[in-house]
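Letters A, B, C, D, E, F, G, H and I mark the chains in the order given here, with residues in each chain numbered from 1 onward.
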């Protein structure tokens, strides 16, 4: 049931995003669109309830997490990404690389957390998620420039992959 | 030569190049990849010709599903073309 | 109520088989009996609608049906400035003739296949696809819209290809289906290209409208080639006939009989394009395309029959005969087309030749369908199509033997069966056009007789074989299906003039009457 | 020449450049990378073109594109990884 | 002549694409490759259909709040939609045919797919 | 109802009814001739055929396989068949090539005429 | 021999296509009366703002039925290819 | 075979998104670019996403072939029934009698430039929905069948 | 005016990074490093070009108060979000596939990942 509601809410929000500007109701939406949105949310919520979120978890229902997710995407994540690109620009222009694949302990328990961490790693400086250990949720990360001394260590903490912000703890607060 | 025509010329050139690649590759997987690129560019060309409906259909069916079907068919048969 | 139903007959003609086809997968879940009942009901209703529509056309002239309009007969909206904008079904006498063929054959074939395919798996798909094929054929012959013609062509091609590949256990059937699908797709794309060329110049898709606007520039000639050659391929003319034996051999026999009808629908499309779309007497070089058809026809007739003689697979042999018989039709209509511009010759023998060609279409669909069904019946009991292994079935399968004899005598042009009537029309008129071609046609007829004597001898004559000891007559539905076609063969042989008067002559007139076809839509002569 | 059309023209030229990798790519994986790049560029140009044409609704095409070519990429990747 | 050719760029592309596709159909031995050629041909015809409906400075035939002056022809786009779906249906069916043939024959070389001949 | 039994072919006519009557008459004549024969003749009464002084083998009059039935005809037209049968190669590319070839030929004819 | 023949066929066809390409004016269709009718009447007759959709589903709705049917046919065909055969369902060919 | 957890989770996230977006495209077919086919294709992509991210055996438990076949037949039956309804409403087959008649989808539309409302266009949204369901079912079933064919070839 | 400048800047940044991504694809030695360039640079560049469109829509929205520009803005944002997530996941899938295919990273100083061969 929780998953049905969560999926339905997500669907409804997405539908509202897509149809904004269609009418005058609440400034943006038309009545027919809202009605259709409710119906679509019900249908999609029912069809996709087993997939969108784990039926046992109610955490997805907390609206604070959604707000935090938006804040994370606009704030730390975006800045990390900007840094990443400056880094890539440097690598492309100079061609100075020192690649390698390292193991990163994620410390995430949920699938969503792993996904966000992996995607954040992929889009941030010099790192690219190549593989994942399905049991321990550890990530294998291809680094374009392995810092000196890291290649001898068994594994890294997730925090060490990001340069400025503590992205893993943000993600933990959103997804755990 | 309006800017739109220049843009179209680039796209059409890309179309021809990818079509040649589709035909020329001996590796069918590469052919399928080139075909996906061809579909992408074709959809953009439809878009330029002011046919968004067709562009969506080409995007959905041409690039997504046709690629998938080709890949499955290659998996169901074999990957490399025969030597002559 | 009846009158309003009669008004909507062209829509029902397509809607009923489609509805049945979509319903069959649902009915198949309820069991075999429900599915069989639905198939029977659908086939009966379809052929009823087809025959009723044909009767209406022969009685009252061209029937129009405008899809999606507020009134089904308003071909041209008031405010459109005299152009038809919606899809229009335009069934004239020629189309009605084809509708009759398709309705009769589909009824017989549905009956037959109920018993013949009872042992196979995947019957839902089979029957759905059978109805889709019928829909495709019916739509092709009744539509008056170029793009709609293309869509129905694709429906019939795809359904036909899938049905050809129905028996997947050894791979040959799939190979035949693949070849058919490949060629059909290339042909259909060429047709689509031609439609695009015509649309770009005249901004119309309705055949009558395009015909009235046609200017016969070089682009139009390219479009003509792109339209005519694939359709000639689809009807199995030499030298594009290669797919015919492959597909006819491997398809289930009932489907082969339907494929014959489907290839004749392509023939109809070819005639429609040559006569109606491009049939402007003043501006078109008739003799060239008339001779194109004549040469294709003569080649098909001769190559088909000579290739048939050494075959040892009974269905492959019959498939080559189908090529050969298609040659007769092309020959007859081609002679008419070649002398089209010459009014005297047209009246003297051109129209007779065309009547012969068109009469041969319906006759061929019936007796060739019958022959394929008998071959299927023999296969159903013996499990082989190899003429060297067959033999001595005459006592075990008397009905099949009788039906085979009827079909064989009809195809060989032996009186009093229908093949003789149409061939007589063709011989006499072609003789006045070119004696050589008439002699060729007769030689082909003799060779046809010879090869069917061989088949008859190999299948039914001789001492009973030990391996076929347990063979008995096929089930009643199969006999009933064959009987429908056989009855038509005898009937058309006994009273040919009735058919010529009531159906063929109007069809010939409809074929040559380009202005009438255009006027039925656009009004005024 | 409006700035939007200029942007799209540059993007189209970049697509042609990425096609070099599609052609050369020693392995199929490299070709998929090139396809991915072309795909991103196409989506970007579709969004920009929507502004160029003043056609608001054209952005839908871009969303469909971003979604569907992802599926194509996944199928190729799955086959490439030998998992299909 | 040259300017005319330049103006007809999409049509020229269609001609080249058709040539390539037909070449693949005639010369290629691999069945899957032939089917790719067929798909290319379909795409070329679709491009042709859309291109004949284009009007200079026309906009997409959708009424929105933006004032529209000249619109491109809608019919060809409708036809192309139909043709695209038909194309994918054909491709899917023929590819499954090819898979079954490979299962039975052990090859997708068209010169070896000829049990039916003579 | 007035059924027109005669098929008008433009240059002539053909009446299946007359043909049937004629056929029936011919059949009647044949039957008459047959019934005038010796009724006590049995089929087994005739002398047995023999080949070179020996008795005919049991199965010689049996079934001829279909491939051998028109052996003479195919042998006489051997050059024709030796070209025509390999012509049906069964290769899909060839099928497409023939279609395109005829199309190209017709294109040339249609554009020059 | 074979290659030369095929190339000749292709070149002739290319000439035809090129003639089409040169013969048709791009960007300026020769006639537009039917489409102008659609553009003018999509809103009052079909009540749809998207003219393409109104053509697809209203003015030429029957084509769309045919197209959906083609897809249905293809699905049935694919299903037929990968169906499970009954034990002993054999088909002779030699 | 399964793909990694990352891909799986992305697929799960995008599955409802695909469905919503597909339904949006279907429902707004008469206002924005799109329609039954495109929306159906987008929805089918959602299914394809699930198919690619998981093992075939796992996913067919929740994405059944029979359900999809049912979708397809039902969509087509809806379409043809809508056509026949036009016939009984006094017009021809597929007559769009609902347009401008008021009620569900019957709002009349002003001429010229306007954004349009959802409840317009009469029969067109219904046909869009029918075709959307049909295309969703059809394309998914094609993928399922072909994947099952691949599975058979495995030793 | 300021908005126009911002739009121009966004486009410039976007084009620069897109070009960088494409050059990176051409220059880097192996799949993984190319993926770095592809994923980060082109995604970032596309986000910036889209941001330009979003800024434009925002400006028009305040100027005309027309609902459709809100649609443009939101749809652009949705497209950007979809693009970012799909690109990252797609890059991961490709990298893993290349890894399973047996491509080892070029010039690698360390390689901790041992996947079973396919």
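We adopt the following convention: contacts are C-beta pairs under 8 Å (C-beta built on N, C-alpha and C of every residue); 3 or more make two chains touch, one makes a residue touch a chain.
Computed from a predicted model, the values in this text were never measured in an experiment.
Engineer: Which neighbours do subunit C and subunit H have in common?
Structural biologist: E, G
Engineer: Using the touch rule from the top, work out which pair, D-H or B-D, shares more C-beta pairs.
Structural biologist: B-D
Engineer: Just curious, how far off is subunit I from subunit G if you go by their C-alpha centres, in Å?
Structural biologist: 36
Engineer: Measuring centre to centre with CA averages, how many angstrom lie between subunit C and subunit F?
Structural biologist: For subunit C versus subunit F, the centre distance works out to 24 Å.
Engineer: Report the inter-chain centroid distance for subunit D and subunit E in whole angstrom, where each centroid is the mean of the CA atoms.
Structural biologist: 20
Engineer: What is the distance, in whole Å, between the centres of subunit A and subunit I, each centre taken as the mean of its C-alpha atoms?
Structural biologist: It comes to 15 Å between the two C-alpha centres.
Engineer: Could you list the positions in subunit A whose residues touch two or more of the other chains?
Structural biologist: 14, 18-19, 21-23, 115, 118-119, 129, 131
Engineer: Spell out, as numbers or ranges, the residues of subunit C touching 2 or more other chains.
Structural biologist: 18, 22, 67-68, 147, 151, 154, 158, 161-162, 165, 168, 170, 172, 174, 178-179, 182, 186, 200, 203, 205, 218, 222, 225, 245-246, 250
Engineer: Counting only residues that touch at least two other chains, what does the list for subunit H look like?
Structural biologist: 3-4, 6-7, 10, 13-14, 17, 21, 25, 31-35, 37-38, 41-42, 45, 48, 52, 69, 76, 80, 83, 93-94, 96, 112, 114-116, 135, 139, 142, 145-146, 149-150, 152-153
Engineer: Sort out for me which residues of subunit A touch subunit H in the complex.
Structural biologist: 7, 10-11, 14-15, 18-19, 21-23, 30, 32-33, 36, 40-41, 43-45, 47-48, 50-53, 111-112, 114-115, 118-119, 129, 131-132, 134, 137
Engineer: Touching residues of subunit H toward subunit G in the complex: what are they?
Structural biologist: 29-37, 69, 72, 75-76, 79-80, 83, 93-94, 96, 99-100, 106-112, 114-116, 120-124, 127-128, 131, 134-135, 137-139, 141-142, 145-146, 148-149, 152
Engineer: Quick one: in the complex, what on subunit I touches subunit A?
Structural biologist: For this pair, the touching residues of subunit I are 17, 20-21, 23-24, 27-30, 32-33, 35-37, 39-41, 43-44, 67-71, 74-75, 77-78, 81, 84-85, 87-89, 91-92, 95-96, 99, 105-113, 115.
Engineer: What residues of subunit H sit close enough to touch subunit B in their complex?
Structural biologist: Per the stated touch rule, the residues are 25, 33-35, 37-38, 41-42, 44-45, 48, 52, 139, 142-143, 146-147, 149-150, 153.
Engineer: What residues on subunit F touch subunit E, complex-wise?
Structural biologist: 85-86, 88-93, 96-97, 100
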